[in-house]
Structures are given as structure tokens and as C-alpha cells.
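One chain, chain A, links the two complexes that follow: it is found with chain B in the first and with chain C in the second.
The block that comes next holds the complex of A and B.
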């Protein structure tokens, strides 16, 4: 052990990556930024050749309706990743939102009580995350991983070992059913919900002061703290918002499926993470954004739908998803590396060693 | 960001921790002993030889796969978002188990079937390692290969349980050497070998260096990519071996089991931090943590605790471990 101990002795990180980081290149369009939209176009073309049905309006809206919940979860995650963290417990927030609202409807409460109850339960999950990460300073990945563990148990305990809750359709108040199954100007309510939340979050991140502060707290935590931002409050707010959005997705799920099935939320987690980081490739700075996330979500949706239409069994779907995810991210990294040496954008984010050097210096400044 | 402001990578002062271990360093051991004593007093069966053999058998799967993950964390750094993590380990174990069971069902001799499983696992490890050395975040690269491995498992097994029969698997399940199951010996052997490589050889020391401070290691002339590539290949190979052991224990390859064991493998690898005075992930600690987690599962069941609570207990456990680790880190700074 003694040899290892000497290795962890103080070593000053070289200033190289930090200097490189400040030299951002503007102007020329990086090829890597076209990877995600290019893949989307490619998937559309391939499947439209293979199956004539995919381009019908009905099918396209069907796809959007299917991915609406994933879009909501992924947008919540976008906020957290923008704030420099990660949230593996979005499935728990989603499930608890669905559980609470389905339960309240089942017990005969009004629609708004059920929605508020669902959002509050999800907010509690976010509060636990924020407490663990901001106050106890547990790394976000591990803190939210244990919330995932504990949350799964909580669901089983609340439902007597994992019994689903089914709502009989006539007893569900119209005000609740419309959230998931209604139509607004002929468009599926789930799509309307996802689009409106996306718009709100996109504006929040894009044009408000809060959005800029959050981005700064995520990308340069020590600089943000030194310049007087309350980074703890900002990061906590990202986890709370993420949980509430995921909880809203849960309420939509409960209204859409007329019930609640334990553990259904965690299925969205992996796709949401994939979509968020596919989205990061379209930004010059490797920043995650609502627009990019939605592109990632639609890629996954089209892929699933297209594979179904050409009749491949669902066993192959994860394979296709995994390969597409891997190839998009690899293409972005490789193209970006060839283009410009200074690691900016997605490359600073995705490239491990440089980014690690940066975060190490940033982490050290925190007392 | 002047050079004077740039401090150490959270390293505690080496001298202090070497001479006298702080009280906090023993909290981990004390907590574990307390839990085990509770079980021993709570149930008369907990300390019987057959129960201990059961615990060790259960621990071996997580222990072997956990050692692989520990290697990845050692060579990649324990910052999960940017450092080393292998999310595909559970799915790879499942895939290897399925391949082994299919090969055995097709009449391949047991040893060769296991070899096939481990080879497929290693192939996925090579994909992981190459993606990471190309510059992809390990979290994302292994997330993608996790989907690929889980899907391949479904494709191969058609989502059906594949039973394995034959002397080889029964021997792997049932053999006992000096009162301890064969698989536990295997776990101890792998643990000892990896501990020797990563604790005593220059390869291991360099791996720690690359993980703790890649910039410094690069300046010192090490190429982090070599060590990282090797760590992912090793991790997947060990996960594959663990998967075949799981098949031998269950007498069947059960589809979808990979995602279930992933969380336990991660728990075991990170729990090893409490066995290390310097809150590093360690190989020996991983094996001890695997035994403890298996004992926890077993003990809670013997005490009659409902299975729903076991997950909550594990979640709480990770939190306690991490909280103690963070507190210790703060004190040392």
C-alpha cells in the first residue's frame, strides 16, 4: 500500500488543458455537430424506403405520442445535466408521481388534488436528491443511484409488494383523463404537454438569467462561486425541477394508462440519458439543450417505430438503440478530434482526460 | 485559476494517514461487525457451516464481477461522471451466461462452453475499452454496450430460460474443498491475483496513477489509454466468468438477470471504499464487501424481513458508506 500512497501525493495539474479551454474557435461549423441530425435523416430515409407507412401523418403523430413521456423525462434530465450533475432517480420520481395521482383518483379525490399530490411526491424525491448532493456532498451518480434502490423499495412497500393500481374508466374524472388521453386541436394531449413543457424549459435555459446562472454553475462551478452565484441553491433547484417534470410525466402516464404499474418509470432512464447526450453533440460547446434532447428522443422513437413496422422483434430494439447511440457519440468524438485540436464543446465534455483535469482543478478550489 | 490556487486531487496528507489510522477509518469495520453480530444473535442458523457456505457461494458472483469493476474504477478514477465506470458489467454477465448455457445445451463440453461465454464477454470489453480510449465518456460508452449486450442476450435466448445440465456445472455448483465451496475459492484466488497485480506490480501502481491524476501520469510518461483499455477488457472477462458461475448456481440462464445484478455489482465495488483507510476502491475490499452484502441479504431473510425492505436496506447502506467516506474526506482536507 505504501507505494500507492506516494502516488496520491500532491501533484500539480498542468495548466495545459485550462489554457486550451480558453481558446475557443468560432465560425467554422464542426462536422460533429451534424452527426445527430444526419442520423435522424438517415433513419427516416432508410425506414421510409423499407416501409411506406412511416411517413403518414397518423404514424408520425403516433410516434410523437409514444415518445412524449420519454421527452418529458429527458427534458428534466437536461436541466440536471446542464447544472453539471446526473439524475438516475428520474424513474422513481416518475413512478411516485404516477402512484400518488392514481391512488388519489382511486380514492375519489378531484383531478387537481391528484395532480398536485403526484407532483408533491415527485418533489420529495427531488428534495432528497438535493439534500444528498448539495448538503451531504455525495457524488450525484451514487446519491441518485441509492435513491433509485430505496425508491424501488418504497414503491413495493406502498403497493403491498408491487400490486398495480387499475382505475376503472367511468370513475376517472374528465379533468384527469384529459391530461393523458385528451385531444387539443386534434393533437394528442401527451404531445401538447411535452411540447409546452419543452418550450418553457427551453426558454428558461435559453433566455432567462436563471438559465445562464445554472449553465455557469454547471460548467464552471468554482468560477461561478467566486463571482458570487449561489451555486448550491442553483444546483438544488435543478434537481427539484427535474423531479417535478418527471413527476408530471408520471401523472400523464397514469392518466394515459388508466392506472399505475410499479417500476414502469425506470424504463425511461437509459433512453433519457442517451437522448440528452446525443443532444449535446449538436452544440458547439457540447452543452446539453432542450432542442438537442428532443432530437435524441425522436431518434429513439423513430428507431423503435421503424423496427416495429418492418417486423423485427423487440429483442433487437435495444441492440439497434445501443449501436446507434454508440456510433453517434463515437462519430461526434472522432470528427471533433480531427477538426480542431483545442478541446472545446462536446469534446471537452466527452473527452475524459481533459475534462477530468478541468474538473479536478475546479473541485480543488472548493473548500 | 492561477497555479497557486490549484490544489491537490483531494489527497490526504500521506504521512498522517500512514502512521495512525483515524477513528473514522474503523467505523466501517465496526458497523459491519455490529450487523453480523446482530444476525448471529438474531438467528441460530446464521453461523452454521452450511449457511456460511451459501453466503460465500452467493458472494462469489458479485465478488468476481465486482473485482472487475474495481479495476475499471482504479484505472479510470472514482469520479463517476467522467471517470471509470462500467455499466455494461451486469448485462455482459447475463450475455456470457446465456452463451454458455446455449453452448452447453448444444453439446459443447462444460469447460469449452464457459470459455465461449468469457470470450463473448471479452469482445464486448474490447468495444468498451476502444470507445473509451477514443475519448468517449465511460458512462455513455458502457451505457450503449449495456443495451447491446442485454439485447443480444434476448436475441440468443429468445427470452426463454435455458436449463443447463451435465456434470461440469453440477461440479461447479456443488464441489466443496476444505469445507468451503469451490466458487468461493475461485473468488479468493481471483481476488488474490488481482490484488497482487494491482497492489504490488508496476502495472498496478501505474494504473492507480492514471486513475487518480491522468494529467500528472501523462506528464510522467504513462499512456492512460493502455491501462484503461486493459481495465475494461479485464472487467468484462471477469463479468463473463461471474455470469457463467451464476448459470452454474441457478442451473439455468435466466434472461434479464443481468440488469438485476448490475446494482449489486456497483454497490460491492463502491463499498470497498470503507475497507480502505484512504477511501480508495480496492480489490480486497471488494471481495470483503461482496461477502458482507451476501451476508446482509441472507441475514435479513433469516430474520424474516420482507424482501421489499432488503432493497431499501441496500440503498441506505450505500448512502451510509458514501456519507462516511465524504465525511472522512472532509476531515482529512
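The block that comes next holds the complex of A and C.
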């Protein structure tokens, strides 16, 4: 192949030999990716100044316990968003999971039956989503929106117009109660559940072939299909997994609250969406990740808790959430936009030269 | 433009580059990908600002800081990538941002009729101006861009790879338009990898190499294509010099076979069989059905009839890939490369199982070893498997797509316009790899409108005309002129009349 050598020869300054890269290229950090972690740190600092209680171990674990369910729902949503979709029906999956398990416990079934029943009901929601989106090709937003509407009605029909189910504590089997109220090494079971599911999903996305394929299928479905990936199966699996994780959150909720209140899962949807997209800002490409989502979840948790501790009414909480969400996204957009043109002023100081060269060549290929 | 310098960080992309364009001339601008052509043009159009140097227009120094400055000075550019809004009609797109799109009330039909007339006048082509831009072929979208730029009545018109998606007769139309503009005193900069075209249309050529002036050439003054390639590369090379394979000795079982393949409205009754060790090229004008052939053959588009891979029908795109079929699609950005992934991840995409661990885990080390080897073999630049694909030039992205199938060890290749918008150096690498694979027993179906490529590479050439294959030429009889004649006239009359293979 002497041709190749002669062709390669004239263009001498090829950037470094192959052996030159060692370790991971994380030197190209752009400022927009630090917005979410920065906000988290800022909130921590502000509230720790305003209230001495916030930094106590007890309080921090309390916050984590409160956001554990949101974390579960948001982790499920992360999978779906990674697969290029959106799931507005996670609240339904969560509620049906809680409803089924509470009902089964109420009727005296064993703990594992209740858990399995809850997960199966949630899986059914995921299966409907997958059917609508993958097979019938309805846009994810509309498909899951209809499932959300329909699911809300289903709950009311099943509970006779929305009557809550209350479980009396002595009748609940220990095996069930421990899922929501137990302690493992002194840590709230809800936290343990959320952390372990997060870990599993993070590993799934990070080091398995499934995660790589899911990401590719989500970002460039036609390229993935041509590369031989079964995109339909991959995308369907994301909806199923998301629903099961949300359903598990529902089971934990039922065990934690000793009962089921209709519609209680709906509250998690908007927070979960917010958390997932806050998390997306830590990626160079706006790619959602488990770590980012957890940062988003904790930001919301700290905000609620801190506002409570400094004595503000909960009326203020949604305002604070909205403002924080908006400012994170705004900051990420402003800092991220700078990368698409040669840096000037303050942005030049924030970015490495290597990165400028990279994005400048990249731009020529972008549409 | 004089002594233009531009650096990105410590990398000097342009180093004292001079460019002179007279009114009423067509200047060719050539150079390998990464030579600085695009950067120079972006400076001229205000997308980048220059670090030092000077731009003069009609003797007056000018400042171009924003694209709006360039527009105000009468500098129009047709970019390589088509910047069009898909859900607008052709007429709306054509007049977007101009006076004709303003006002509260527009009469759609009048606008569409005007647009049809404008496009016909500027490009000589008929377009359905009420259609959505999305629905048009790539070539037709290109026509809109050309018409749009011409309607702005520029003083300087820059065309960046304008002919890449066009078929030969459309290129002729474009050249007619260019000559017409030139005669009206417009200065035209024409960037192309197709040196044949440059020979036809340009008055002079400026060659860039590694961000410097490598020299000027002029076909009118007797310079040859080899001279220009020599300037581009620094020495004399022939793209196809690697390629004098022996024709396949034994015709084995066909690796890839299309039997009576039809796609509603575009293709009918296509029969092609490709044996191992053979490159079969299919060519035709844009609009002859050539655009959908590769998609249909690889299970990416609904069709009747069947596509057989190693004797069994292709059930789906995934099935095609799973059975060692390789497909290099024509639309690199959406179908080929994973833009947000690294070169390593791109190369590993089709062989994750082979390059993985047990239990469905990834094996980054194995991926990196394979990727490094292929990066070197195909000379992908930057030579770093961890580089993100969106940062690579078109040629290097295409090499990465090809490397994906090399990593998998595919033995049946379907290549759809494999070198469209790819520079000469990368092309040679891609051709060399294809030839080598075929030498080792792979079968390749090359779908291309690039006649030089078809003639230079293929063992047999099939010509597509209005959805049917009208001729089959062995490589000894295939010449660009002959193929062009067949493809544009549909006449199989000639010294050796070839019948359609049943």
C-alpha cells in the first residue's frame, strides 16, 4: 500500500501519534457543563448560611429520603429520554404500582405477590406506551399524554371514584413494610432503593452494550438501524424499563405511606422532567445521564427543604423551583452558545484553546 | 484577500494566504480537506473573523465581521451543507427573508408561479414550487440554494462543493448559470473536489495546502489535472493507481443478489448479482431511481421483489448487518456517522458483541485497540480514536463509517455515493480499502453518480435509466462518455449492444 504512504506523507502535522492519547480526554470541559453542579453548591452554601440545621447529617439524610421516590421516577425517565423519547405517563405507572401493591396487601396477599403485582401493573403501562410509540408510530409526547389521561381515569374507576386505600400497620407484612420504611445499616430503605436502582441504571447505560446501543438508537435512529441495531426493540425496552422503575417507586410509596392515595404519582412527573433536563446540562451534548439526573433531583430536594427551614411557606417552593430551573437552563444555553462561535471576552477565559479548535472544526460539519 | 492569518488556539489554520479574484472570472479553489478552504470562505463571509491580514473589495479595504456585512457587500455563498427549512414550500424557501416574503397577505399561487419562473431562469430546471422542501431530492434542494443566491444579484458568488449531489446534466445546467453570471461581471469562487469540472468551468485555480498557498494553476494555460493534484498533495499521485486488480477468476455463488426488485414510483424490476471478489457499480442520473436503490437493497426501504444476501432474503436492516452485510449510506450526517460519539464508538457500533465482554458488557480496551488499528490503516485524522465524530471533516467521517464495517469483517458491501463531498486524499484511502476487501473475497455493490469513480473502480457497470437497468458494460468497455450517453439518453445503441440481464 505504497499509495497510502505517499498520500499520508505531505500532510505532516497530524495531531499527535496514536499512542499520545492515554487516559480519558476530559480536558475539554466547557463552562456550561458546570452550571448544574455549581447551582447545587450555591444552594447548599446559601442555605447553610441562612440556616445552621441544613448541614446536619440527620437533615441531609432526611432530604435524601424525601427525594428518593422522585429520584426513582427521574431515573426511569432518564432511560426514556436517552432513547430519544419522553414519558408523560410515569405518574400513571407509579400510581398503578402503588395501587396494585396496596390492594394486594389489603386483601392479605404475601409481600412478594404485592410487589410483583405492582411491577406487573406498571409494566402494562410501559407495554401500552411501547405499542403506541414503536409499533403504531405515534409521537412519544402524544402517546404518553393519552396514556396519562386514560391512566388517571383507570385509577378512579378502580378505586370507586378515587377513594384512598389505607392499610393498618399491624396487618402489613414485614417483608412489604421494609421496602419503604425499613433501615439498612441505619439508612432509610427508600434511599437504599433509589441508590441501588440508580447504580444499576448508571452501569447499564455506562458499561453495557445495551446502554451504548440505546444511546445510539435514541440519538440517530436511522444510523443505528443501518449499523444493524434493532432500534424498535431498544426503544420499546426503554419504555418498559422506565415504567417498571416508576412502578417500583409506587411500591416503595405504598410501603412508606401505608396505603394508596389516588393521583399521588402525578406530582412526580413535572419534577422528574425538570431534574432530567437539569442533568442534561452537565453533558457536552445535552445527553441525559443518571449522575446529572441525580444532581437535578437533589437540587429540587435541597430547595424545598431549605425553604422550609428558613420558614418560607410552601407557596414559594414552586416559584423557587421555576426560577432555579430557568436560570440553570438559561446559563447553560448562554455558556453553551459561546462554543458555536470563536470565543471572545469572558468566554475565551473560560475555555481551553484545544476546545476552541475542536468546536471550530466541528462547526463546519454541523448543519 | 492578502496575507490572511487565522489560528484556532495554537493551531494555525491559515498562514499568510493570498487570494485574488477578478470581476468576471471563475476561480477554482482546491485543496485536501483540512487545507483551509472552508475557513477561508468563512472568513470571507463573516462566519469567522480574521486574526490578521486584509480583505479588499474593488480596491477598497473592507471589514467583514458578521455574515450581514458580507451580504451587504454583495458576497453570496452556497454552502456545502444545505441550510434549508424542511417544512416550507419551495416558493417560501426561495423568498425567505426577501421582500417577496413580507406583507400580511400573499397570494400563494402567484408566489409559486414567480418562484417557478425564477428557478427556471436561474438554473434552467423545473421544480414543483408548491412542494415542501423536505419532499425534494438532495439535488433539487441544491437548485433552490443556487437560485436563491443568484436572485440576490451578488458581486461575488462562492460555491462550496455545489455539484456533489448533482447529476451530470444538472451540473451542465449549473455551469451554464455560472458562465452567464461570469459574463455579467460577477466574480465566482468555485470549490470542488472534482477536477474534471474545474477544468471545464474555471479560468484559474488557487491551490491551498495545509493552510498555505501551494500555487496557482490554469487549465487554459496548459496545466493538467495531474499538475493540480500534484500541487494539492505535494507530489504526483493517481487516485486509482492502487487499483488494477485482476478480475475475479472464479465466479462463485453471488454474495448479493437483487431479484426483480421494485420500489413504487422509482425502481422497477431490478436484477443485479454481485459475486465475491467483484465490484459492480450502478450509476444513473439523479432522478433515475439511483437514490433509493441502496436503501432498498439493504432492507431500509419497503420494496417488492427480493434482495438476497448469501442466498437468503434480507429481512430487515438489522438482518442485513447481522449477516455480514455492510452499508455505507449516502446521507452521512443522519444515517452514517454517530456525530456525538467518538471515533472509537463509531467504529465499534456494528460489532459491539465481537468487541465486548461476557454478560453484555463493553470492553473499552478491545474497542480502542481495534479503532486505533483502523484509524491508522485508513489514516483517519485526527489520529485519535477518542476524537468526537462531529469534529472530523467529511472525508474522515466517511472513513470512520467504512471502518465500522471493516471492524465487523463484512464481506458484502453496499456503498451509496461513498465519496460524495470527500477530498482526494480520503478518497484514495476509501478506494484502497474497498479494493483490498474485494481482493480478499468481498463483494461490493457501488451505487454512485460519480462517473470517474464508477469507471475507475468497477468490474462491471450497470446503467440505470428511469428506474430500469438499461445496459451492462464490462470495465473494458466502460468509459465516462459512454456511460453518460447511456444514462442521459436511455439509448443502448452502440457498437456492442448489451441486453438487460434477466
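Please note the rule applied: the second predicted complex is superposed on the first by the 312 of 367 C-alpha atoms of A that agree within 3 Å, B and C clash if a C-alpha of one lies under 4 Å from a C-alpha of the other, contacts with A are read in each partner's own complex, and residues count from 1 in each chain.
Keep this in mind: contacts are C-beta pairs under 8 Å (C-beta built on N, C-alpha and C of every residue); 3 or more make two chains touch, one makes a residue touch a chain.
For clarity, every value in this text was computed on a predicted model and none was experimentally measured.
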Just checking: does A:161 make contact with chain B only, chain C only, both, or neither of them? Give me first, second, both or neither. first
Looking at the overlay, what does A:329 touch: chain B (first), chain C (second), both, or neither? first
Please indicate which partner A:236 is in contact with in the superposed arrangement: first for chain B, second for chain C, both, or neither. neither
After the superposition on A, what does A:134 contact: first (chain B), second (chain C), both or neither? neither
Quick check for you: in the superposed arrangement, does A:197 touch first (chain B), second (chain C), both or neither? neither
Looking at A:227, would you say it contacts chain B, chain C, both, or neither? Reply first, second, both or neither. second
Which partner reaches more residues of chain A, chain B or chain C? B
Contact-wise, after the overlay, does A:150 reach chain B, chain C, both or neither (first, second, both, neither)? first
Looking at the overlay, what does A:316 touch: chain B (first), chain C (second), both, or neither? first
Both chain B and chain C touch chain A; at which residues? 1, 3-4, 6-18, 352-353, 356-357, 359-361, 364-365, 367
Residues on chain A engaged by chain B in the complex (per definition of touch): 1-18, 85-86, 132, 136-143, 145-154, 156-157, 161, 270, 273-274, 277, 315-323, 325-326, 329-330, 333-334, 337, 347, 349-353, 355-357, 359-361, 363-365, 367
Chain C - residues contacting chain A, complex: 8-11, 32, 34, 38, 42, 48-49, 81-83, 209-210, 233-235, 237, 241-242, 298, 300, 317-318, 320-322, 327, 329, 333-341, 345, 348-350, 352-353, 356, 360-362, 372, 375-376, 379, 381-386, 388, 390-394, 397, 404, 425, 428-429, 432, 436
The residues of chain B that touch chain A in their complex are 1, 3, 5-12, 14, 17-18, 76-77, 79-83, 85, 127, 131-132, 134-141, 143-152, 154-155, 158-159, 199, 205, 208-209, 212-216, 218-219, 224, 263, 266, 270, 278, 280, 306, 308-312, 314-316, 318-319, 322-323, 326, 330, 333
For a test of understanding, state which residues of chain A touch chain C in their complex under the given definition. 1, 3-4, 6-18, 20-21, 24-25, 207-213, 215-216, 219-220, 222-230, 284-285, 287, 342, 352-354, 356-362, 364-367
